[in-house]
Amino acid sequence: MNEVEIGLTKRATRGYSLDDVAVIPSRRTRDPEDVSLAWTIDAFTFDTPVIAAPMDSVMSPATAIALGKQGGLGVLNLEGLWTRYEDPSAVYQEIAGFTETEVTRGLQRIYAEPIKAELIAQRLQEIRESGVPVAGSLSPQRTKEFHETVVKAGVDLFVIRGTTVSAEHVSQNREPLNLKEFIYELDVPVIVGGAATHTAALHLMRTGAAGVLVGFGGGAASSTRASLGIHAPMASAISDVASARREYLDESGGRYVHVIADGGLGRSGDIVAAIATGADAVMVGSLLARASEAPGLGWHWGQEAHHATMPRGYRAFVGEGGSLEEVLHGPAHSADGRTNLMGALRHSMATCGYSELKEFQRVDVVIPS
Amino acid sequence: MNEVEIGLTKRATRGYSLDDVAVIPSRRTRDPEDVSLAWTIDAFTFDTPVIAAPMDSVMSPATAIALGKQGGLGVLNLEGLWTRYEDPSAVYQEIAGFTETEVTRGLQRIYAEPIKAELIAQRLQEIRESGVPVAGSLSPQRTKEFHETVVKAGVDLFVIRGTTVSAEHVSQNREPLNLKEFIYELDVPVIVGGAATHTAALHLMRTGAAGVLVGFGGGAASSTRASLGIHAPMASAISDVASARREYLDESGGRYVHVIADGGLGRSGDIVAAIATGADAVMVGSLLARASEAPGLGWHWGQEAHHATMPRGYRAFVGEGGSLEEVLHGPAHSADGRTNLMGALRHSMATCGYSELKEFQRVDVVIPS
Amino acid sequence: MNEVEIGLTKRATRGYSLDDVAVIPSRRTRDPEDVSLAWTIDAFTFDTPVIAAPMDSVMSPATAIALGKQGGLGVLNLEGLWTRYEDPSAVYQEIAGFTETEVTRGLQRIYAEPIKAELIAQRLQEIRESGVPVAGSLSPQRTKEFHETVVKAGVDLFVIRGTTVSAEHVSQNREPLNLKEFIYELDVPVIVGGAATHTAALHLMRTGAAGVLVGFGGGAASSTRASLGIHAPMASAISDVASARREYLDESGGRYVHVIADGGLGRSGDIVAAIATGADAVMVGSLLARASEAPGLGWHWGQEAHHATMPRGYRAFVGEGGSLEEVLHGPAHSADGRTNLMGALRHSMATCGYSELKEFQRVDVVIPS
Amino acid sequence: MNEVEIGLTKRATRGYSLDDVAVIPSRRTRDPEDVSLAWTIDAFTFDTPVIAAPMDSVMSPATAIALGKQGGLGVLNLEGLWTRYEDPSAVYQEIAGFTETEVTRGLQRIYAEPIKAELIAQRLQEIRESGVPVAGSLSPQRTKEFHETVVKAGVDLFVIRGTTVSAEHVSQNREPLNLKEFIYELDVPVIVGGAATHTAALHLMRTGAAGVLVGFGGGAASSTRASLGIHAPMASAISDVASARREYLDESGGRYVHVIADGGLGRSGDIVAAIATGADAVMVGSLLARASEAPGLGWHWGQEAHHATMPRGYRAFVGEGGSLEEVLHGPAHSADGRTNLMGALRHSMATCGYSELKEFQRVDVVIPS
């Protein structure tokens, strides 16, 4: 371990972010056209390893469908605007119109509206009709309340996503979600997280999860570190969770649980670094919030931003960077690493001589000083 | 030791600040409601481990009372405005009105006004009448002069606070304060500091102190490092002083001296990091100066700012961030980590699976690169 | 190796940029006049170790000639404006006139114009007539298509330059360039790159190259790191490639392949650091784009800036810093390290007591913290 | 040694600046009044360890006298404005009036005026008449030309100061200054530098120098690093030169050569750090240029700024920070660490429990991360 002595009684691990890491080509190069970005989880194969973050600024039923058609996986936030409001268009307008001083209180008020079970069913049905894989997400707190609705409505993949999700939640006053039982009963692949350590991820893998989200929501619009003092530098977290994947693969006699980087992906180069440090796929927020099809009208915010008593996220302006197709597959007409994300990943892999995502996890990396 | 070779003749210790440290959740989570923030020192138990810094921008008799009612400990600066002026309201207005070029000379003039023993007695009496624990502070230089006044007026806890306080002050021209004797005679729990090394803290503990303040006044409004070249990165200092706590606990056969982080606490995440690296409680300045009840009118300054010949602190604008209750317990309507401080600490501990402050000192931490 | 553990499954090398490195004089000093900057590659000796980057903002046929007369080597980009347009003057004006929002699309359009073989021949002929050594560059992708034109037109040195060039390019759909065969047939010294590791460079050296370009185009106007996640800190890359030079020198029984730093040279101090870490010569872009003779009209851009689907470079404003002679040999009338580049190198070598470039590769260096 | 591997062929030393270092008080404190700042070199004892840098913005004959009366040592630049111009007042006005674009050319022109031997004699005489110790400086290049003038005029201490001065200067075209012979003949204590390594300093000590200047002119107004790639982080350089002091003390059987930090002293905290890492005294530039008696009219520049062909320094605005007495001894009315320099040093030493400069070289230091 990469240990640091803070003082006489306390040691720490040193952690690296995706920004800290760069890949370094070596003796072989390859044609970008020969690179495959295919990613298979359970019975589902996707052309690209991109999952949209279940955030209201990123995903509507329509954009989940559009992303599915572009080869990625759209995940709808089942406790967001689309399941609280019959027609959230006016709400999106309102959010886009808030001043900086109004926005946190405004979001707190807007998200005080109750979630409707019938809207969950209706939104999932809209996606199903399009023919793309259907995926929705709930926080651990809401999963107990709404999972039967979700099961009845039918999903192909289910995501349980919170700042931190553990396999062992302790509570004095209520019966906590038993993840293992729940996943067993649900009978569809479940992706669960965030987690950021070998131990936490290993325990999540043992619940039967098909994938683990790496990260604590440390994205562009989060203040989790300033507020809670919690932070997991992504490159190190991915590598530590990949180590749990390896241990669990052995102890389970061959179950491969996917490692999905969730947070800190602000440029295509960060997606490259996430795969290079061990991720199988990436959950992308702000980069997709820039697509013209994204519902957020150029703004981006997460669940933490509207917490009723302890908001710890911001509404961030991300602007518009082209169609979803351009964002994912180009062509790009700017050089900032925010469009043609898959072209960049493909090009980087080719330049380093790799043709498959799984192999690219072994690429040489450098930490610039 | 985490040693660095500066050159062929000089070695240094590497030190980490609270900003450098983040906590990292692992396999267990917990409900925030199940977390206790109770802190006991000597015969006093507080609902929260928060002590207000004895600074004129933070504490008036009224805010000391208000903080006591919110579960913290207010400490009145007994050599500040409230003991120099019968009614300091106009002085606070004057300080708030200074331009940047006027302010240091202005503070030097305002604090040239002599301290009145009768005002010390009167202010402490005001606090006592409210029923909250009574605490006041003096610098080591003033302790000899005014401690009898203080003892006569009666305090529950006494704080001796300077940039650096040692158990062994050497002077050629006067009899220095004998801390050990003084603490023995005073017969109330004494918190003393700043100190930042194992050795310095151990010697302070041996004087009979109930608590040691960690830090050299390195807060938001200080220029001690630029002026004196003195600096102690807080996370390392806390851990080193916690190591003295452990040694003294053993050598004294069980006296537990409290380690209190004093300085560098600009966000709730810093409070989390202070406990995580070994602090029992925190002494908070600028964060409380933002409460609407704070006397500083949106400004914050410390004792160093008005030194007659070598000022080494600034008047900093901190603005207003809600009522004292909101600052401590929320609800927050902004995401900057400066309100709902205790909610954030509670939430962070719960996310990491801890329910008691003392246990949380063992949480895993990471140093992002 | 200077290894870093990113996490439990991934290690990285720590890399240093030229900015990170400073040379440190020691016991001997020397007169600057006694320093030689002569550099010999194959049959060509140059008064200075400066090669101009084959970028349209830096090199026209006229500036290639001017640089040759100043003691350096000008390399014309054979797939740039001068071989796409009969008279590119108006195109340069257009590029200089683009707004920031227009520029990437504008460059994409301008460089969509086909390359003309006859213009390649004509431009090389112009340079030849001046009597200076003739050098041109192609990307690996274009080399197959145009190298016969180049050979027929005649060059003294040939440069194959791409973001990454490897000795082993793999393609499923076309016959890739066989570098070794190509270099053997070409029968003039070939400089090839970028490369940044010992292995990659060693394989390039084995193809018969006379020089290897170190770097991945990480200059002032590049966003390769943000886009592709690819980055090679230059000081470390130079040293690693110099290690390949040493290995190949031994295995080949004495062939000395030149190590040429290409990228990250923004000040004369960076040129010093490049030689100090092992480079034989430097390929300079933005610093020469500032010469009044440079064709770019105060702007600088590279090949990556106009990629049709994944641009990853910018047009950067560099302004004008004096004549080519002043930029190279002074006198300077500003202190920013961008004029009198050779005077600075000479002065630095003298101050450290060295009189030859090759010896200066051994100078002591420091990494300021 | 604190070694870093840049790449496979190159190692570096890691170096620390004064900014990187902080002192850390421990178990004992002391009254500031009990601290002595006395510094003795050869037959001269000064109340403070402050030498003024021989720069035209800092020293005139009048300020050299004033500094002597305040307990420091003023050194006049014998190849500056005061020995080129009969009355330089108008020249100072002109320099203060230059725009940023004019200033380098303007300085080059102003310093093209020849040095007059008779003015050297006259200026030294002015200082001598005041009764303070007389000190002047020349660069190594000018020492041969003017040292007889200096000897005839009479100095108490002589300074030979260049960016880098070595004991062994090699030249093909002229007889270089033989430092050892020269110092022997001169028969007054000579302070010489800059140097920054153990070896370089040891060789300078063997020439008979009474003091060695540490640093390469890396002050506030220098661009030596950007231009020449030369840089010596001061804390490490001081410690390395202090190691030479120790070795030479032994090999010479007791000659103590003083280590004088020259450069990087922007705040009183930097002076503290210089002593703490091994310096006996400090040569101060920009901090003294702020005194109202300084001739520079609020501007500061060094010799490098007017080099005829390769200027590598700037004219920096430093403003005015009070009288020379206030700058050195206070009282201060601002908290920025630029006034009451000696009060700050005294206070810092007292806080750390030291009463003599020599002992303070042993104080504990920390490198904040």
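As written, the chains take the letters A, B, C and D, and residue 1 is the first residue of each chain.
Here is the rule we use: a residue touches a chain if its C-beta (ideal position, glycine included) is under 8 Å from a C-beta of that chain, and two chains touch if they have at least 3 such contacts.
Nothing here was measured: the structure is a model prediction, and the numbers come from that model.
If you take chain A and chain B together, no chain is in touch with both. Note on connectivity: the fewest chain-to-chain touch steps from chain A to chain D number 2.
Counting the residue numbers that touch the partner chain, chain B and chain D have less than half of them in common. Superposing the C-alpha atoms of chain A onto those of chain C requires a rotation of 90 degrees, given to the nearest 5. One inter-chain figure worth recording: chain C and chain D are separated by 40 Å, centre to centre, where each centre is the mean of the chain's CA atoms.
Inter-chain spacing, taken between the CA centroids of chain B and chain C, is 57 Å. Multi-chain contact residues of chain C, defined as those touching 2 or more other chains: 16, 236, 367. Taken pair by pair, the chains that touch are A-B, A-C, B-D, C-D. Residues of chain B touching chain D in their complex: 4-10, 12-17, 20, 104-105, 108, 163-174, 195-197, 199-200, 202-203, 216, 223, 225-233, 236, 304-305, 308-314, 367.
Against chain B, the residues of chain D that register as touching in their complex are 1-2, 16, 21-31, 33-34, 198, 235-240, 242-243, 246, 267-273, 276-278, 330-337, 340, 343-344, 347-348, 351-353, 364-369.
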